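Two complexes come next, and they have one chain in common, subunit A, joined by subunit B in the first and subunit C in the second.
Right, the complex of A and B next:
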């Protein structure tokens, strides 16, 4: 049976500062279990973005660097280059990874930089009060899309599928959800193992909830999460097989 | 023994970085700083202890520098103009976390893409470009030789005092080859990991939830800055002992001004040059003393009074008349400085 709290969690900073019901707590718990099971607490460095993820700066008993918005990926790329034996994890939200920091995420995947990027997709900007994100689905109401996200702003951005297009074949790319914590943990483990064993890039999007900005109770949140899971399919995003050249 | 070489400012900066023990460079090509990146990659192809990454943009180059610094490696970047604008994002993180970030700037004309040639217009951005109270050291190189010595000093200052440090050159210095005597000015300062990797985790943040907590942190930085400024500041005083008139200039304009002083001295004019080698922190007391002794002061620069504003702030309350001679994004010859001084 799993411990109530992962061993690598920093107990003195719990309960954590995320809003009640926030998906970050669930994601970071599964990340904690993944780190425990892989026995990598002593060799992991955790980079976090700005946005709600900034609250995780003292979440683990693990060296942690809180960076700037969208800049966690390049910080961890630079760090990992100098510390190839460390496990480098870049943790961000959908604004940090898919808007302001997309360029860096794509290029890290393109170069196959051996870091693990974890992105929490709650379909809006939580920390600033619920604005439209690239992951906001058409029709969804946010404070900057008060009549529902209009068609001209695009569909909900499918990050793992996008990253897969330019990522190295060795990259591990997947989407998981906080509704299935054990699968989430195993997905995070695979991603980290891909960094360690294959010296390759890995990326996991975690579909999540934001009760505060969604203005929903738990039942409503999980109902909306279920809709998100239909829109954003869970599982590994596989590289297309190379076409045979005749 | 003197090591005299025929090199340009980019090559000199590169040699300085290697001499200072830099282990990695991250960069994005931008004229006129590109040759430093090219030179570093060339050096890395012969020495596999030197690492590099040509990143997707300057912002990423700067943040990758931050990552490498956290690992304890002497990391740096080189950029110019619009690249310097983007570099302010990682530099403000370096200011907040006190990361020993070294940034070589080959100034070019702005605003915007401007020119790729020359200017002294990146003084404001380099000295005060962060989104808070910018505490970073800024050296201004006057010659190719100084691109070497000041780059070495920049690494030492950055790692010793843990303030981000700039070396300002310009497009002319970057591209101009001249004889340079390369003498290492000091022993290198050791680097050490900032993320400690031990049983007590290092937890670093940039975001604070209370004014008081952040104010307390900034106060420590400001106190450290005040304590170390005197150790960092540098200047050159050229023929100022009996000078009735004083030119104040920095960078390659100061090199032309030095020749102007010699021309005017030959015409029996008692004139001298005060050249801040560090623009931030500037050598405040010697500068005030030099200004107060003169009957007339000329501030000569290739920007619209960016440097002059720093000098005039230091000269507050002094009665010496100050004449500002500014030519944004255009260089000065010694003869032109002489003409402008005589006509002003």
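Right, the complex of A and C next:
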């Protein structure tokens, strides 16, 4: 019988601390399967941010660092400089990656630092109670935008496309969704392999759900997620020069 | 009741999502409306659900200068995982009210002597629906504190009124409140904790398939049921981690695609075909 949980999960700390139906659980499960298949459990270091993602502090049987808010990427970059043989994974939410920590992410991509950044986008700030985030789509109702997000606050931030503008050609930048778990696993695997083999930066945004703050059940959540997938197109984000050749 | 002691300290403990802060808010506002001085302090973490949620209430006839206290007169425990957060407020004189259908006696703080059992989860399952569990607790507590029924119901309407979308839900809650007010606490021979979550795996076999399900990890999000392509999964009557229903499997319909295993955020369900093993 196949394993019910990835073998790199720490079974003593389960049930974990996330809400029922949280997208973090699905993302971390596929990340666990990816780590299992690449057999890198012993040489991986996992960095987590503040926000809901910090609840993963005892999730894996992997060395874990808990960093300041938005500073997961630079901490993992520094760690990788000291220990180049280790695999560094930075894990954050959209608040930590796009709102407070965008400059760190952009500069890591600009310098082509050999780390893997994984960002989970649920379109609002989950831990503080569902406030408007940079990734909130126009017209979306949150606690701080009761009439829907106004035009003056801008569109939803498309992170991978933004990072692609200044990232190195070798960098692997993609967007995946939790509605397709096996595609998500393969994307994460590619991102980690890009760090190990090409020694360059990789960034994956995962479009996710938040049943607690969206105040929805599983079915409604996944129908809203498919709307989000239309706004945030899935797949690898290619460099612009390759497009111009066509 | 207040004439004797002049001051009552109450501590309510449970898990985020159970309605602890709502019960505390209604109780303290009801005490203000019946002419007392009240201090109410909520204590909970930044997590939205699943961690201990505690409320401290002080009711007095005189003006309150300081809201904190060391020893509570009443402690209400609705979830055994919250006991750690409040056991320092329990002394041998404290009266401990607990949900005897989900918490067994040996999980309670060791210093507790006066035990009052209240099988609210069991009664809610048998007579109303599982969601009305906290209204029954509120009814029992408002009766214990001698708050008039009319004041309590008015505040329930004020705080929860928006959630009563039709008359039927309103009537169920009204009946649950009245039912809770007439309950007599169990002083010994408590109800067995039958609604406690089972931690051992449930294994089901048949139709060349084997499945396993861990109720101790299942949070009842329903993603496996939504994502099953043939509709083989549905909610059962058994309860999981947060007293939410766990899924049951119709193995005849199941095609063994593994969607439930891939989607489950908690790692609690998996169904596989036996063909791999028989080879």
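Everything below uses one rule, namely that the second predicted complex is superposed on the first by the 239 of 246 C-alpha atoms of A that agree within 3 Å, B and C clash if a C-alpha of one lies under 4 Å from a C-alpha of the other, contacts with A are read in each partner's own complex, and residues count from 1 in each chain.
Please note the rule applied: contacts are C-beta pairs under 8 Å (C-beta built on N, C-alpha and C of every residue); 3 or more make two chains touch, one makes a residue touch a chain.
Everything numeric in this text was worked out from a predicted model, so none of it was measured.
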item: Which superposed partner A:22 touches (first subunit B, second subunit C, both, neither); value: second
item: Contacts of A:103 with subunit B and subunit C, given as first, second, both or neither; value: first
item: First, second, both or neither for A:164, with subunit B first and subunit C second; value: neither
item: Subunit B versus subunit C as contact partner of A:67, first or second or both or neither; value: first
item: Which of subunit B and subunit C A:149 touches, first, second, both or neither; value: neither
item: Overlapping contact positions on subunit A, where the subunit C interface meets the subunit B interface; value: none
item: Subunit C residues within the subunit A interface of the complex; value: 46-51, 210, 212, 214, 216-217, 219-223, 225-227, 241-242, 244, 258, 261-270, 272, 277
item: Complex interface listing, subunit A residues touching subunit C; value: 1-6, 9, 14-26, 29-30, 55, 126-129, 181-182, 211-213, 217-219, 222
item: Subunit A to subunit B touching residues, read off their complex; value: 10, 42-43, 45, 47, 50, 54, 57-58, 60-68, 71, 73-83, 86, 103-104, 106-107
item: Subunit A-facing residues of subunit B, complex; value: 23-24, 26, 51, 53, 55-57, 59-61, 63-68, 70-73, 75, 89-90, 92-93, 195-197, 201-207
